Structures are given as structure tokens and as C-alpha cells.
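So that you can tell them apart, the chains are marked A, B, C and D in the order they are listed, and the count of residues begins at 1 in each.
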Amino acid sequence: MTEDAYAQLRKELADLHQVLVEAALVVWTAGNVSARTGDGHFLIKPSGVPYDALTPEAMVLCDLDGRPVGDGLKPSSDVFAHAYVYRHRPDVGGVVHTHSAYATAWAARDEPIPCVLTAMADEFGGEIPVGPFALIGGADIGKGVVDTLAGHRSPAVLMRNHGVFTIGGAPRSAVKAAVMCEDVARTVHLSRQLGEPLPMEQSHVDALYDRYQNAYGQ
Amino acid sequence: MTEDAYAQLRKELADLHQVLVEAALVVWTAGNVSARTGDGHFLIKPSGVPYDALTPEAMVLCDLDGRPVGDGLKPSSDVFAHAYVYRHRPDVGGVVHTHSAYATAWAARDEPIPCVLTAMADEFGGEIPVGPFALIGGADIGKGVVDTLAGHRSPAVLMRNHGVFTIGGAPRSAVKAAVMCEDVARTVHLSRQLGEPLPMEQSHVDALYDRYQNAYGQ
Amino acid sequence: MTEDAYAQLRKELADLHQVLVEAALVVWTAGNVSARTGDGHFLIKPSGVPYDALTPEAMVLCDLDGRPVGDGLKPSSDVFAHAYVYRHRPDVGGVVHTHSAYATAWAARDEPIPCVLTAMADEFGGEIPVGPFALIGGADIGKGVVDTLAGHRSPAVLMRNHGVFTIGGAPRSAVKAAVMCEDVARTVHLSRQLGEPLPMEQSHVDALYDRYQNAYGQ
Amino acid sequence: MTEDAYAQLRKELADLHQVLVEAALVVWTAGNVSARTGDGHFLIKPSGVPYDALTPEAMVLCDLDGRPVGDGLKPSSDVFAHAYVYRHRPDVGGVVHTHSAYATAWAARDEPIPCVLTAMADEFGGEIPVGPFALIGGADIGKGVVDTLAGHRSPAVLMRNHGVFTIGGAPRSAVKAAVMCEDVARTVHLSRQLGEPLPMEQSHVDALYDRYQNAYGQ
């Protein structure tokens, strides 16, 4: 990758963290975005740095084992989870982690979000599943993310008692999945508070997912 | 229509999308406004374009069958629903679609919002009804909107498992209905969480609706 | 009153409407503030004017029967309620009306907000009561407000199926009561969702109210 | 302390109040931050002053009995609670008090927030406990805060029917604890609304707390 391409990716990554802040998916320093580079590495948020201090230069370059490359800040403590995803999912260009409130509320109950909205069928193609409980710091979280998503169309997974991980072909797609995940987590939560949302037919879910993935947008 | 009138309508339409954003009725690219032109067409949001990139020029001109006219971006995938409404409701000058959370929570349960607030009587003249489930892409959603609203004073309809459509004599009135719909959906939801809101007498609803529609404002 | 004093009061009134907007107590045009003048009149929001178009000059001067004085816009349709309060409560210098969501949710159930928070004891000195249902346009709402508040320390009353009215010695105090009313309506609502908030002893409520009214502030 | 160090601490304290406002933990004038000085005093918010009028100079210097030193505004009516904490906890450099809604909702039920989220284990090392009811104005609140926190790792305590107090080695750490307290209070509340969040094993809580306190950040 050229220096220009690196600079652009660092800026995009900094900007995407602001999207998380504006969408109210993160508080203080809890939540991070990473982006795969074109040369076998990835960039990720530094550990414990507040969002309003996140410059493009602050982003930490790591190899696919999660080890920082060169000088710079310490990477997010979720770095090994991100690295695991990049190693095992070559189609993934971006990973997002948040503790967004409604999605995490489902995760704390170990309960997947059922697909009862057309917007869920569009983006997630079915339920948003729950992955296992795992401690931070090793490969366990990353393995839980990859193994759980393997059985689903969803680019989002709720990690038990913890929060949300989303993936995308590009970092911006992973951020979109994080935003939509919290939005549907909230709407289905609200609907369930006063009764039972109606289920959707699988053929409708399939049709909506197919159209949204293939015909939507420019 | 003169070029100036077109430019003004395009700008109004872009501004009204910002009103949806500021009122937190939409996330990412989900939600759209359209406006009937003075010469048998309508303008609508392009598909999949983020709200902060929505310039007046980006709005897509379509005929009443929902087909784009001239060059430009691809219209919203809801274009056929808007087109159906304009064909069958000559009184309608603007249409809005959102997935606003509280209203969509009622829609997912297939449950109309009962008229238990003076503000609902004012703007909606009774309950906000639920329309049928329908897939995106053909005339079904538009037909569901028009048929359901035919039996109600309400300018808003909740489409099952989907979201909200609102209509108005002018685009701004449709946006107002979308804002008020989410506001009353939320207040009645909150009230129902801890008990049963008291019903209102039909004669009171009628009196409030009549005054608000005919005497309110400048 | 001098022209300068009038100009200052008009500006204060316009600014206080922005406080309602920033505190998210109002949407679109629903909600208003009025201020008693020094010469037997009051100023009030014009009917149906959006908050971002509310200039100081737009405020409407009315006599104590609620009739506009001189040229200018049509006053809020709640003008007779405000006028009734000013006629019957010479101690009141400002009146606020909102449909803020949590408070209105209690109002729709005809249920007073119990005093279970020190912040409620401070500002309201006990429960926030509910007044009767009344139609807009005559003296009924104003009479409901005045009669209900007569038996309480609270500067806020929830009008059944409608919304909130608050009063204050000055317009800013009435706005403060409206902000605090929604805040405690929300907190007690949240507390009740998962159980029963503990009652407070009357002697504690009395002590807190006394201190806050007499010793708090500069 | 030099005049420069004082000026810097006053500015930091004013800025931290804005953090409370931006995180929506406080309304009107309810909520305050204090900061221990390097010479046996502390600075605290003045009583009843709105957040947008809080200049660095407005902060009130007090001795460790809570008595203002020199000229200036009257200190927060919570001054004696802050003073008690500083006298009995030499490790504490900052104290925060709020009525943030979700946390106060737990406090009103006299119910601690159970540790069911990794983010809670990280910051609080276990449950967030509830302290006793106490009237404002003497040592009771401060004693309740100190005694309750003595038995917990948590830097946050919910005071019954009242609100939240948090402590930190530095004022910014106490503000962080206040922000995280409301965030987890909300997420666990949401989770409980639709069922029971799963408990976490004590060994996991211990491991997460240890890592976050010792390895997280730069």
C-alpha cells in the first residue's frame, strides 16, 4: 500500500469511530473499529483513548496475530478478537465492536433477536445470533464470533454478557451493521414489551434479503 | 413547472430529509420523503444514499408509474409505493416512509395505536391503523397504504412488520405526520407499560380534530 | 412597562421556548410558554409557529381574558388556559404547557406521580397531581389547572389524556418545573417498570422541600 | 499549589461538568463534580448555577469541613457529602453526584445493580451497591457513601431514593465512573425488562476487573 492509501484508511477509520459516537453506540472508550489494509495487516483503535482524541495517526497498525507493528500506541484490548476474524475470514475488510445498550441487553439474556422486521430481513437475513461467553485477551472471543457467524447470514453477533461484534467487506459496512443491529434490537425490544411481534414467513425473509443485498443502492 | 420551482422543491425535499434525521426517525439510509411536482411527476430520495450526502440535485424525478425520468440516480426502492399513492390520491402532495422505532414496534405486533391523547385526536382524528404485510418492489405496499387510510382520518398508517407511511397535502405536512406519529406511538407505549391509558369519548375526539384541522395555526 | 422591558421579556420568552426544544419536551409546534407583563397583560407563543421561527417579535400580547391586543399573529390555542391562570393566581408570572412523553404517559392513565425521589421532594414537595379532562378553547383547562394545584405544593399538574401545565413566579421557574417534571416522571416510570419504588417519609419530604425552597441557590 | 495549577484545576472542573451535560446525566442544576486541590482543600460547583453559566472562576474553594474559603459563590448544597468523602478517603481526588435516570431508578427501589456485563466487571468489579437514605445538609450522605463503598470494589454507589455518588483517584475518573454507571444501569434495566440476564462467574468477574484495572489503556 502507498503512504497515501494508508493515510486515507487511517482517516476513514477515525471518521468511522465518530459515526459510532454520533449513533450513540459507544460511551467513554468502550467500542472500536478496525480496517484490513491491502498488505496483510490491519489498523485498529488504540486502547483507552477517548473518541474526541482519536486522530488518524493514533490508529495502531497490527499484523494478523494482533501484534503491533512499529512504534505507536498500544492497540485496543480487543485486538486478538479482531485478528482472529481477519485470519479466518478473508472476505472481511472491517470489524466493529460495541456495547450498544439494546443489543447488549439481548446478549445478557443469551437470547437471539428474532427476525420480525423487514429491515432485519434486509440487513441480517434472519435472526441475530448469540455467541458464547469468552474472556478478553486471547483467541476465544474471535473464535466465538467466527464460529457463530458461520451458521448465519447475519453480519452481527451478540456475545453473551458482553456486547456486539459486526463484520463487513469494508469497514463502513461493518459500522452500518452495528448501527442497524442496535436499531432493530431496540425496535424488537419495544415491540416485545407490550406483547409478541408477529413472525415473518421464511420465504418473505429470503426475498427481502435477496433484493436488499443485490438490488438496493446505486 | 419553471426551473426555479423545480429547484425550490428539490431543496425543500432535501431539507425535509434533514428534519427526519433531526427528529431521529431514520438511521443510515432507511426512510424517504417524496414530493409531487406541479406537472404530473414526483421527486423522491435516491436509493441507498446517506442523509448527509443528500443534495437537492440528488433527488430523483419519476413519473407516476415510478419510472425515473431522464438521467440521474436510481430512485428509492420504495418508489412504487409512493407512485401508487400519488396515482390513487390526487389530494396528496407528499409521502413519507420511516422505520421509526416506537411506531414500528406497534406495527410488528399488528396493533393499531389507540387514540388516548388529545394530541392524537388533533392530528390523527382517531386511532393510527395497521395495514397489511407486503413485499417491497411492486404495487402491494402502495395499495395497502391507500386502502387502509381510506377508512380513517389518520394521515399515518403502520405497515405490518415494516414501518410507517404518512401522507399530506404538502410534503411538509407528511413529515409533520411522521414526527407526530412517532411521538404519540412513544407516549402511548410508555403509558401502556404501567397500566391502561383511559379511553377518550368519541365526541371529544371529534371536537378536538375539528378545531385542530380548522382553527389551529395562523 | 417601558419598550425596553417589553423587548427584554419578548426575548426571554423566545429563549425559553428553545430551552423546551433542547430538553426535548416538545415536538413540532406542540407546547408553549407565556410571561406576565408588568402592566396587566401577558405574552404568549403564536399558534402553530415552529420553534425555529419563533422570534421575540412573534410573541403575542394578550389581555387577561386571552384576547390579543393590537396587530400581530394569532395566539396559541391554549391562550384561554394561560389567561385563566393569570386571572386567578396573582402570584404566577409564567405558565408552561407541554406534551412531554413520560409525564403525559402518567396523565393518560390518570395517575399522579408519587413522590419517591429527593429531587421530587425538592421541587414539587410531594406528588405531581392529575387534573380533569377538559376541551381546549374555553376556561375549562385553566380552571382544572388552578383547582388542582390549589391542593398541592407542586408547580406542575398533569391534565388527563392531555399533557403538562406548570406555573412559576417567573417564566423561567415555570420552565424549570416543566423540565424537572419530565425528569422525575421518567425516573419514577423506569423505577416502577421493575418493581415498586420505596415510599419516602412525609417528614423527609417536608424537610427537603423546605431546604430547597429556602436555602438552595445563590 | 501555584496560581497556575489552581487555574488549571478550575478549568478542568468546569469542563467535567460539561461532560455530565453531554452524557445527559444531569438536568437544570442537579448534579455536581468536585476536585481535591494539592493543599488540603477542594473545589466544587456553586449552588443552583446552570451548567451553561459555570465558568472556572465560579467554582468554590472549600476546606475539608465543607466551609467556603474566601469570597465567592455559595457551594453546592451537597458540599458536606463531598467533604466527608475527602476527609475519610485520602485516596480520592474527585467526587461526582448525579440523579442520572436509570441509576436513580434502581436507587428508588433500594436494589443494587447486579454484575451481568463484562463492562460492569471491568469498571465496577462486581455489583453497584445501594447506600442508605439520608437527608442533605450534614455528614449523613457522605458517611453513607464512604461506609457503603468500603465493602465493594465499585467506585459508584446508589443512594436510596436519591441518586448516584462516584469517586475516583482523579476528578476525571469519578466522572468516568458516573458515565459508566448510568450506561450499565440502563443496559441491565433493559435486559431485565424481558427476562433475567445470566449471572457471571465470580472468577470471570475477577479476571476482567484485574485486566481492566492493570492492563487497559496506554
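Here, contacts are C-beta pairs under 8 Å (C-beta built on N, C-alpha and C of every residue); 3 or more make two chains touch, one makes a residue touch a chain.
What you see is a predicted model; the values in this text were computed from it and never measured.
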Spelling it out: a chain qualifies if it touches chain C and also touches chain D; which chains qualify? none
Note the shortest touch-path length, in steps, from chain A to chain C. 2
Between chain A and chain D, what is the gap in Å from one C-alpha centre to the other? 31
CA centroids of chain B and chain D: separation to the nearest Å works out as 44
For chain A, residue numbers touching 2 or more other chains are 193
Among line, ring, star, complete and other, the chain contact graph is ring
By the document's touch rule, what are all the touching chain pairs in this structure? A-B, A-D, B-C, C-D
The residues of chain A that touch chain D in their complex are 27-30, 46-49, 73-74, 77, 99, 101-102, 104-106, 108-111, 133, 135-137, 160-163, 189, 192-193
Note which residues of chain C are touching chain D in the complex, please. 23, 116-119, 176, 179-180, 183, 186-188, 190-191, 193-198, 200, 204, 207-208, 211, 215-218
